[in-house]
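Two complexes, one shared chain (subunit A), two partners (subunit B, subunit C).
Our next item is the complex of A and B:
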């Protein structure tokens, strides 16, 4: 029917970025299972997946009662040793039975939630990306817990260079005529409606996580630039407030680096409108120009004759 | 950083001082949040003039969150939701100011379970990622709430935290404030039982005097000489008493002068109250401003 998921993204609670080997240890959340790491073009580490059993109402825009039983797949991600994520998703399918089956049935289908009774995909998609009623399947709570798992690791020193809110991206993917809609709601909440050709594969989850990472980077850089109050504070002060962005964020921008070929058109369309990379580059230039003008000002005061 | 605000007795001005410190800290450009852990009477919403939560919130309050009845506690953006015109606009350069209200009719915690401590650790951990300062208003006196935060902070050794003990400048309050820290079942006693190091915890505790009337204050001009002499004698007696009880100058982070506005109504003292309507004293606002700086100034917190 459809796939729904939620990604929570935040700044890894450590003073500096963590090395690849530390990533492996932080993400070893299941004994005996390996952490997958790719190094190019940016270090990207994925924890083993874990299942959470659910038997609860699914969010429906019509507020009709839809019961779903099955398992949620979750994992933690660390990108560039700096950005941490908790990510969960479920594939919603119609149940062939009209009652709950033994758990062995659901455990054999990881990441599948079977709907008992009637439900429309559009109703569920609207409900999940709209305003889910309390008490319904809450993937955000699961993802938040997985992000906590990373952030609470004893290997991290918790001396993060700046404070930043987590963002949440709630997404729904369906099969059909290709389309993508990315919406910003409050300061922290985003939704994504994706219709892709062909059947669902986990590559769609990679795409959503990649989007969430870059949306968080952009949001964070905007906040840092706003906090610097360029123009209303002395140049040196503004430059000092921009430094954390240079130290920790600017090198992390790698859009669509890990997105499979057949999904890249979706990234491309978001690049055209609203234009993630365009906004990013304009902000990066602004940061660098501020630093440059401040350096010039410092140089000219130190070389001015008669002044020391 | 987490800051726990506690007092031994009620009516010390713990909440009104705590909220004003948080407000000043936000004006200084920091992102701050205020957690109403005074579960018996969660009225911090009234001080921030958010009428919808003046007696706590009906849905998703902190109490419900700790009892695992809601996934996330409600957040109130004071700059957006306050009814006071002077607060409804975020001043340029100010940080976020967020209130996490308690649950209306929630009641004090009746027991401390491992699950509640776990929820509390989760909450503090997430807020610390996001806010420069999280002020937690713990109910007055010895309570499960105080035990809860002591138990939670042991489990998160890398998250910095500090305690502020509020007391008024009277004999009873000085003795009570000392008892709350060093007495049987006091903060140090309970803290070490949960696994805190006594000396380390001691260094994280400072006192704040509230509603202080200085013998040379301008309010006392109309008093008779006898009254003034008596007040002065009282003051020096209290200073001696405070010294003996470890509540003296070295352990004090700051003092808030007596202000008529705060006697009549618990509220945030804005610059408008001082400069435009002139209902509040400039000294009071300055005292809050200084405390808001000292609270994160490591020099003020060096070991005793």
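Our next item is the complex of A and C:
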């Protein structure tokens, strides 16, 4: 019917970026399962997947009661040793039986939630990306716990260089005529509606996580620039407030680096409108210009006669 | 120049899952505890006498089911060296093999129960099979579980539903709640509620329960366990005589060099009815173990390619004869 997921993204609670080997240890959340790491073009580490059992109402825009039973797939991601994510999703399918079956039935279908009774995909998609009623499937809480799992690792020093809120991206993917709709709701909440050709594959999850990472980077850089209060604070102070961005964020921008080729057109279309990379570059230039002007100012004061 | 299609791969970014050779069925001919040993060799002979006709039946049933009639059947025997240590391998193994031979039974593989908890691997050091399985438990959720809170757990226990709420009064002067029954999640009409102790701890030492180790044992026989993508335990042939110490004996010993593979698509255990509660507990555990997706696909693909249709659910691949 449809796939729904939620990604929570935040700044890794550590003073500096962590090494590849530390990433492996932080993400080793299941005995005997390997952490997958890719190094090009940016270090990207993926924990093993874990399942969580659920048996609850699914969010429906019509507020009709739809019961779903099955498992949620979750994993943790660390990008560039700096950005941490907790990500969960479920594939929603119709149940062939009209009653709850023994648990072994659901474990033979990891990541699938079976709907008992009638439900319309559009109703669930609207419900999930809208305002889900309490008591409904809460993927956000599950993803939040997986992000906590990373952030709570004893290997991290919990001395993050700046404070930044987590963002949440709630997404729904369906098969059909290709389209993508990215919506900013509040400071932290985003939704994504994606219609892709062909059947769902986990590559769609990679795309959503990649979008969430870059949306968080952009949001964070905006916040840092805003906090610097360029123009209303002395140049040196503003420049000092911008330094964390240079130290920790600017090199992480790698849109669609890990997205499968058939899904890159979705990124491309978001690049046209609203133009994530365009906004990013404009912010980066602003940061660099501030630092450059401040450096020039410092140089000129230090060369003034009598001020040595 | 036309566009060039580039492919780039990174080994560390891919998952590799090894495969195991598989028989059609793995038959457990028995399970030896200290009390059986103390009862003398007669108890063992009696066990094999009861088992013999069932093994013949299994062979002929699988012979009919497999195209060409060439069913691969392997037999195994489990000795408890975890809960109590008795005798020595050099004394016990020949005794078991001889008692089986009296009833024309061949034991292909002999395993130590403690290996299901932990064993020393010459290559990778200590392997904790029980921990591998523990991390793969996915609790059967009662209705209303929406993911907003972590699963309700009683540490070291696993059940198939919701436990009775506590009836103790919240404070000394409070009113006690009336008793409410526990509820099985997938009940049909009435509940059969099962709550299994997985382990207990005394100080730093954890003792795994018999059903938990038996669940590990079933997963090993089904060839469904992997550690970092590798097969964690392979049978070993002992060439220089039986050791005097259980720890010197490999986790699973191949007694017959010509035997069909140790792991199999399905398992059958021929057991005394006194093991019935243990096996109910084993099934309760196994129905909450999430086996690696890739491993399940591998096994399903292999069985289909040789014309054998396997049950989708793991617990349905396990059968018993209680005699």
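Assume the second predicted complex is superposed on the first by the 308 of 308 C-alpha atoms of A that agree within 3 Å, B and C clash if a C-alpha of one lies under 4 Å from a C-alpha of the other, contacts with A are read in each partner's own complex, and residues count from 1 in each chain.
Following the convention adopted for this analysis, a contact is a pair of C-beta atoms (placed from the backbone, for glycine too) under 8 Å apart; a residue touches a chain by one contact, two chains touch by 3 or more.
Not measured: the values here are computed from a predicted model.
Superposition model on subunit A: subunit B and subunit C are shown accommodated side by side without a clash. By the touch criterion defined above, A:30 lies against subunit C but remains apart from subunit B after alignment on the C-alpha atoms of chain A.
In the superposition on chain A, A:71 makes contact with subunit C only, while subunit B stays out of contact range.
When the two structures are aligned on the shared chain, A:104 is found in touch with subunit C, with no touch to subunit B. In the superposed model, A:229 makes contact with subunit B only, not with subunit C. Seen from the CA centre of subunit A, the centres of subunit B and subunit C span an angle of about 100°, rounded to a multiple of 10.
Of the two partner chains, subunit C is the only one touched by A:54; subunit B is not. With both structures placed on the common chain, the touch criterion links A:138 to subunit B and to subunit C. Once the two complexes are overlaid on the shared chain, A:158 sits against subunit B while remaining clear of subunit C.
Shared-chain residue A:11: touches subunit B; no touch with subunit C.
For subunit A, the partner that touches more of its residues is C, with subunit B and subunit C as the two candidates. Taking every C-alpha of subunit B against every C-alpha of subunit C after the fit on chain A, the minimum distance is 5 Å.
With the contact threshold set out at the top, residues 138, 141, 145 of subunit A are in contact with subunit B in one structure and with subunit C in the other.
Of all residues in subunit C, only 8, 10, 12-15, 128, 131-132, 134-136, 138-151, 160, 185-186, 225-229, 232, 286-291, 293, 296, 312-316 touch subunit A in the complex they form.
Contact residues of subunit A toward subunit C in the complex are 30-34, 36-40, 44, 51-57, 67, 69, 71-72, 100-105, 107-108, 110, 135-139, 141-142, 145. For subunit A in complex with subunit B, the touching residues are 10-11, 13, 134, 138, 140-141, 144-145, 148, 151-152, 156-160, 163-166, 227, 229, 232-233. By the touch criterion stated above, subunit B contacts subunit A in their complex at residues 29, 31, 70-72, 92-93, 122, 125-126, 128-132, 156, 158-159.
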